[in-house]
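Notes follow once the structure below has been shown.
The first chain written gets the first letter, and so on, giving A, B, C, D and E; residue counts start at 1 in each chain.
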Amino acid sequence: MRTKIIKSEGVNGSPVNWTVSDVVSYFTAAGFPEQAAAFRTQEIDGKSLLLMQRNDVLTGLSIRLGPALKIYERHVKVLQKTHFEDDDC
Amino acid sequence: MRTKIIKSEGVNGSPVNWTVSDVVSYFTAAGFPEQAAAFRTQEIDGKSLLLMQRNDVLTGLSIRLGPALKIYERHVKVLQKTHFEDDDC
Amino acid sequence: MRTKIIKSEGVNGSPVNWTVSDVVSYFTAAGFPEQAAAFRTQEIDGKSLLLMQRNDVLTGLSIRLGPALKIYERHVKVLQKTHFEDDDC
Amino acid sequence: MRTKIIKSEGVNGSPVNWTVSDVVSYFTAAGFPEQAAAFRTQEIDGKSLLLMQRNDVLTGLSIRLGPALKIYERHVKVLQKTHFEDDDC
Amino acid sequence: MRTKIIKSEGVNGSPVNWTVSDVVSYFTAAGFPEQAAAFRTQEIDGKSLLLMQRNDVLTGLSIRLGPALKIYERHVKVLQKTHFEDDDC
């Protein structure tokens, strides 16, 4: 079911294997096309995405605060939780 | 009674459903018309507002420190407390 | 005796009732006339002053680090301690 | 084996003895030639490298966030862990 | 012996009594002539020096990260430790 969530954004497989373009596609499909470009500018692939903390998303991407808060809370945090839970199995 | 406080600022319903314009109206009615515009610039709707921490209000909105401290302490913190308390019921 | 300290800086009453001008007068009398202006620029009245944390004084006022460290340690922190202790009585 | 990892990046000996040029060589060999230059700009030798925290790497080097996250997690943190573990023996 | 360390940098007495010029002399003698000027720019005397935290040295002086890390770790932290230990006696 968790894999389904990720697939529904049009990007396959575990975030750990995502390229920078996959990360951009994910956030574009997730409703943040404007902010998605910042992930390319900052060269954030799936491995880097899994290392991001709240403050990195809010201040390190130079994107507006409103969308940044949702990107962290609904996506980055969720992808990390899913990834590291799968890891524990 | 808590709902009454929110209504007295001219915005109806739970902050979670506020649009960016509702957030702007709320802070304008609350006595911060100049700072209210920053919430529009940063695209902060009710859902984002409920995710804001102290430092986000103080440094992420590019508003003066004096009003920022009051906006966080008397409004953002209070709206969040009210919202998450209601959630617990 | 605590009230006396505050009065000796030429500003009467509890900081909670200070206007922005009272805050400016307080820091001018306390030996920081140059930095006092920053409190006006940032619109900090007594209520906001009581909400300031170390980092707000050091980075939010755009004043030099040396005086900022003393302003926080010898004045902001002391005024807050006095105020919130009085509150407990 | 830990020494082997370090040697494989083309820099000999303990990081504590690295010059700024050794640090630059290390990160160039580690796949971050573009970011390596920032360590020279900020005059970071091995001793300073061992004192760096996550936030210093992410915001103090003025490099892109994606590579910065990997540089900290896979290199700075690992070199420090190895160094301070050896220290404990 | 601790006093001897301080004297060896050419500045006499406890840091708490140092003027801004004494602070500048101390860091010049300690091998950081370029960075010493930043302490004058930020008006840091001995009393302010004893109040500085890691982040203040790293980001509040606008000096390069490598030397800043050493200035904090080998000097500011050590002077504070010595001072506050003496205080406890």
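Criterion: contacts are C-beta pairs under 8 Å (C-beta built on N, C-alpha and C of every residue); 3 or more make two chains touch, one makes a residue touch a chain.
Protein names from UniProt, one per chain: A, B, C, D, E = SAM domain-containing protein.
Remember, predicted model here, so these are calculated numbers, not experimental data.
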| item | value |
| --- | --- |
| Superposition of chain A upon chain E: rotation angle, C-alpha, nearest 5 degrees | 145 |
| Whole-Å gap separating chain B and chain C, where each centre is the average of the chain's CA atoms | 26 |
| Cα-centroid distance, chain A relative to chain C, in whole angstrom | 43 |
| For chain D, residues contacting two or more additional chains | none |
| Chain contact graph, described as a line, ring, star, complete graph or other shape | ring |
| Successive chains around the closed ring, taking chain A as origin and chain D next | A, D, E, C, B |
| Chain B-touching residues of chain C, taken from the complex the two chains share | 20, 39, 41-45, 47-48, 51-52, 56, 60-61 |
| Chain B residues within the chain C interface of the complex | 58-59, 64-67, 69-70, 73 |
